[in-house]
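In the two complexes that follow, chain A is the common piece, with chain B as its partner first and chain C second.
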Partner chain A sequence: MVTMAIAKQTLEDMLRRKILLILLIVAVGMIALGPSVGFLSPRESSVVLKSLGLAVILIAGLLITILAGIQVIPTEIERRTIYTVLSKPVQRFEFVLGKFLGGLATVFVMIAAMGIVFLGVIYWQQHNLPREMVTGVAMTFFQMMLLGAMAIFFSTFATPVVNFFLTFAIFMVGNMSSVTESLTSNKNPATKLLATVLHYILPNFGNFNIQNKLIHPEQTLSNPSVFIFQNIVYAIIYSAILLLLAILVFDRREV
Partner chain B sequence: MKQQTRSAILAAIVVLALGQGFIQHVLDPQIREIHKGEKTALAGLSNEFILGPMLGLQQAVAGALWVRADEFFHEGDYDAILPMVRMVTWLDPHQLDVYITGAWHLSYNFTDSNERSDRRYIPAAQRLLEEGYENNKTLYDIPFELGWENTDKIKDYDRAETWFRVASAAKSSDAGPGTLADSPMFTWHQLAHSLERQARIDEAADIWRKVLGLTEARLAKNPTDFSTKNVRDSERHNLELLLKRKFSRYTHEIDFELDAKRTTGINPQTGEPTPKDSFTSTDPKEGPVGQPRPPAVTKPWNTAFNTVPLEQIGKPRATTTITFDKPKVMDIKGLFSVGDGARVAIRLHDADWYEPTLKDFTFDIDQSQTIMQDALSVRSRTWGRKIDMSRDPKMYSFSKDAANDPKLKKLSDAERKKIADYYLVLWFDPRGTSPFIQDKFGWSGEGMTDPGYLWVVKSNKPGIKPDNRIIRKVYRLRHAQIMGIEKVTEDDVIPNAEYDRIQEDMAAKHRATVSTNEP
Partner chain C sequence: MAAAVSIQGLTKKYLDVWNKAEIVAVDHLNLEVQEGEIFGFLGRNGAGKTTTIKMLLGLIFPTEGAATVLGKPLGDIEAKSQVSYLPEEAYFYETMTGWDILDFYARLFRISEPDRSRRVQKALEDVYLDPKAWRRPLRGYSKGMRQRIGIAQALINDPKLLFLDEPTSGLDPIARAELRDVIGNVGKQGKTVFLSSHQLSDVELLCDRVSIIHNGKLLALGRITDLTAGEQVEIHAEGITNGAVDKIRGLVPEVLQTDGRLRIPAAEPGKVASVIDLVRGAKGTVTAIIPHRRSLEDVFVQTVRKAGGDVSVADLKGGEE
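This part shows the complex of A and B:
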């Protein structure tokens, strides 16, 4: 209950932040402009519209998640409002979890808003609602959930500026998981070892990059539902690891 | 936090870490399947596009690049499009239209001042499409395009047939993304046409009968479907026309003008019209009045092909009607006794040229290579044109010159003069000509004869595809002749058998270096 109360307060606070609202408005505007590539053939227009729409949601989601995640705990410490919270019968883990859930709810609201506009634009242009696009938006959300957990973990010991670059850098490296995966079979033992460590220890954001299959659904996986379920489970498990680490670090931290 | 709680949390972290490692291991093969065909294209991207792929936005960057490429196309900057085609297909190997449009650019849009295609790009176009097929085997679009290019541009009806078969067996997503239906009927229609082009008439007729059956079954379920009715009518018309032509050319010649007034129908297996007097003679010049006319191809037609002035035909050391009054400007004329509308194909190419099969797609071409190809219309039994290649030095470099090649300095002048720098090939293939000319000659030139240049091209599928009778005349040329320094004479003509041997040697050399890209 305490966790949910903290989460609700965090959500309300985040939705009042102008920077996040501006990002949302810009993203929605860019999605709405998607049909302006109508000078291409219908199939090409559809591909470009979907790829650009999913890209905008990803980039906007990335910025919103990082900006929200790096600030939720440090802001409370800077303003000293954390003392008020922790002086009450609130466990530190409840605080961390509440902040994470509040941040996650913020990201959910933002991505849902962009997703609704995106699906609306597709429906307006093509008169049908491809299920793959709903999957794409959902996968972006789970990707951002993992990213948010990482930002929360770093925020327990790093400053917001350091956290921003660290989270962004790990996101970029994590997106190149297909590269690290291919290097795990490299002949050079040092490269192979490093690639294996990177591939299995760093969060693999590249797992969620399935725009290819979503935009070109004729290119089928053997079992897409299982693949998506495995990805969601991966995101939940890794997020849990990061949150547990955050709890351990924050528990020892002097505020 | 109590120490016990910390320990429990650490233990949970270890267990979860092992769990996520296991799930990652399970995901890896599926992710490899998803990204099959993609390549990291970062090195070729400009700054504003590099961040995209690094954030996992390959498809969005590919889309943005393709929009940019479309702008270049409308500005006429065709050279700028090619690297973008490469980049987009690396980033998103499932954008079918990029492969198809890119191949079309390569095959059709690089031209000389007279809009003759630069044929050096055709192997690249084929390889691009083949790469597209390797990454998109489910759908018909790319194999159909391969079939079409082989029909329209390359005139290789064998390969066209192979690709149309692949296309007709593939699926279609034309109804919308995610929907997979059977390939459209026109893939089958083109398959039938490609078989007809190879003079495999019975097989072509079987395809028409098959698709007609499928269309009629579809129409029976939905009798008011206008587009299916149109398709049915078109298929029926094509089948009847094919059978009529076969009957007329090889059984009894049909008068197609009278036919429309006298015929009530045709036998769907043999093409024999009813009533039978549709193919009986009404003119004593054709044969006994009232008797069935003989097959059209049994009346031998002397095409009298030549590139020698009329007054010199049959004389020793005759001059030719091929002159280079200025360097690289060829004025060529000839005689060909066929109906207006036939076309004489002409190709001037390096002596060591053979159309390569590329292992990997590249739009880099050998700039020192020269190949010019055109088709000249016959009017009132004559054909000819002035072909000015001097205005396009990049396309027509004519860099081969054995007489001045330092690597050949050990040879005498006489020996060097025997070395061909170029071949000028003039030919007429009845298989690619208009139907009304084929009505006289047959699909394989059976009704055609020529005192000088008739050549039988042996079938590569004996028993399946008949031999083909073509008209061909080949000149061996030297650099000095192209530059107008020396004249082209009939002494430069080489026998067709010799030219075939040369081409076979080139083909063998080429086969030794690359593997085939057939499906």
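This part shows the complex of A and C:
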């Protein structure tokens, strides 16, 4: 009850943040204008529309997740609203979980809104609703869930500015898993060590980027259901570990 | 009567990273607040009042010492369900309505419907918040209305113990008087109130006992009637020579001489007769003898000054700790 009350309050508060709403409006506008961009490349208009839509959802989702994730706990401390919450019979783990779930619900609502517009535009253009596009939007959400857990973890000890750059940098490095993997066999021991650490410790965000495989029918996934299921489980387990670490840190934090 | 709050040697030290110095915010504090009393916790800005309250609520952790709240160790969830807190300059979720914010806090106490709605309504009525404002967002509230919401959220769980940090600070006289009534009513219901305040007149009206802390150390503790005991007398005299004034000054150094008149404030009752004899011996006339009861403000200022502290107007009017 307590965790859900905090999550509900966080969702309602986040949905009133102007910056997040502006990001959503811009993203929805860009998705809605997708068909007009398709005229630039008539033969590939379908590919352009899908690529653009998924890319916009990813970028907007990334910014919304980071902005929500880095603010959700520090804002409570800065505004001193945390005093009236933690002085009540609220366990610190309930607070962290509530904040995470509220932030996650915000990201879900935003991605769902963009996704609905995106799928609507595709249906309007092609008169059918490709299942792969729904999968693409869903994978973006799970990718953002993992990123949000990372932002919440850093927010328990880092300032929002430091957190922004840390989370963003990890997202970038985590998206280059193929590069870090190739560097693990580098001859330079320092490079090899660094690449190994980065490759195995940082989350592999690259695995969630299946847009190319979804957009281009010739690039097929050998077993799409298993691949998607594995990635979802990976995101849930990795997020759970990050939340556990966040709870351990926050449990000793003075507010 | 059992102790609602019991503090033994509570200490909080901070490390000033830049100056590599240790700051002692609370220094081996010992204190007991009995159940059912309204207890005043006084001190200058930065004396350690808020730090102490935050330790008692488990928001920060003591460096040394121990304390219990309602007989339970600090941070105990069971104790917290019977405790409430109004922080100094409390901020609430601006976009929520008065009703919704109290509903949210009631949920944190695991209060289910229909009891929750009933309690929200009662808390709003108890703090005299205009029903028209109940469903309006907090961003449109005045400071007085926000403070009422602060008190209402502190009453939502029908607590046994309330920690109120500067509850009347920054309010206009009417709002202050109304909130003072609310706190007084809470006390009449047998609840324990731990009241940290700069408004010494409010404290004097509301509290049974007070403590004065300075630089984290306890300087005074006792019933207000005991602490303010001992009257002061002001003697007005005229027509006396400078030589006589010097003699009186030897007895009472605080003599004020203006326009040939003499004012002898803060004279101890035992010295009054001697001063009158000196005035008469110098052919002067005693025009008035005015007795004064010591106020809590006198006690506060004298206690803090005795400990080497400088008391400013801000200390007596309120401000950030």
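The definition used in the following text is that the second predicted complex is superposed on the first by the 243 of 255 C-alpha atoms of A that agree within 3 Å, B and C clash if a C-alpha of one lies under 4 Å from a C-alpha of the other, contacts with A are read in each partner's own complex, and residues count from 1 in each chain.
As a working rule, a residue touches a chain if its C-beta (ideal position, glycine included) is under 8 Å from a C-beta of that chain, and two chains touch if they have at least 3 such contacts.
Given the structure is predicted, the values throughout are model-derived calculations rather than measurements.
Overlaying the two complexes via chain A leaves chain B and chain C side by side, clear of any clash.
By the touch criterion defined above, A:S87 reaches chain C but does not reach chain B.
By the touch criterion stated above, A:V2 is placed in contact with chain C alone, chain B being left untouched. Here the apex is the CA centre of chain A, and the angle it makes with the centres of chain B and chain C after alignment on chain A is 160°, in steps of 10.
When both complexes are overlaid on chain A, the residue A:I210 reaches chain B alone and has no touch with chain C.
One of chain B and chain C touches more residues of chain A, and that partner is B. When both complexes are overlaid on chain A, the residue A:L248 reaches chain B alone and has no touch with chain C.
When both complexes are overlaid on chain A, the residue A:R79 reaches chain C alone and has no touch with chain B.
In the superposition on chain A, A:P130 contacts chain B only, with no contact to chain C. Overlay on chain A (Cα): least separation between chain B and chain C is 10 Å. Here chain A touches chain C in the complex through residues 1-2, 5-6, 9, 12-13, 16, 79-81, 83-91, 252, 254-255, going by the rule given at the top.
Listing the residues of chain B that touch chain A in their complex gives 1, 6, 9-10, 12-13, 16-17, 19-21, 23-28, 30-35, 38, 40, 52, 54-60, 62-64, 66-67, 70, 92, 94-97, 136, 138-139, 171, 173, 176-178, 180.
By the touch rule above, chain A contacts chain B in their complex via residues 37, 39-41, 43-44, 46-48, 50-52, 54-55, 58-59, 62, 92-93, 126, 128, 130-132, 171-172, 175-179, 181, 199-200, 204-213, 215-222, 227, 230-231, 233-234, 237-238, 240-241, 244-245, 247-248, 251. Those residues of chain C whose C-beta lies close enough to touch chain A in the complex are 54, 57-61, 77-78, 80-81, 83-87, 89-93, 95-96, 104-105, 107-110, 153, 157, 163.
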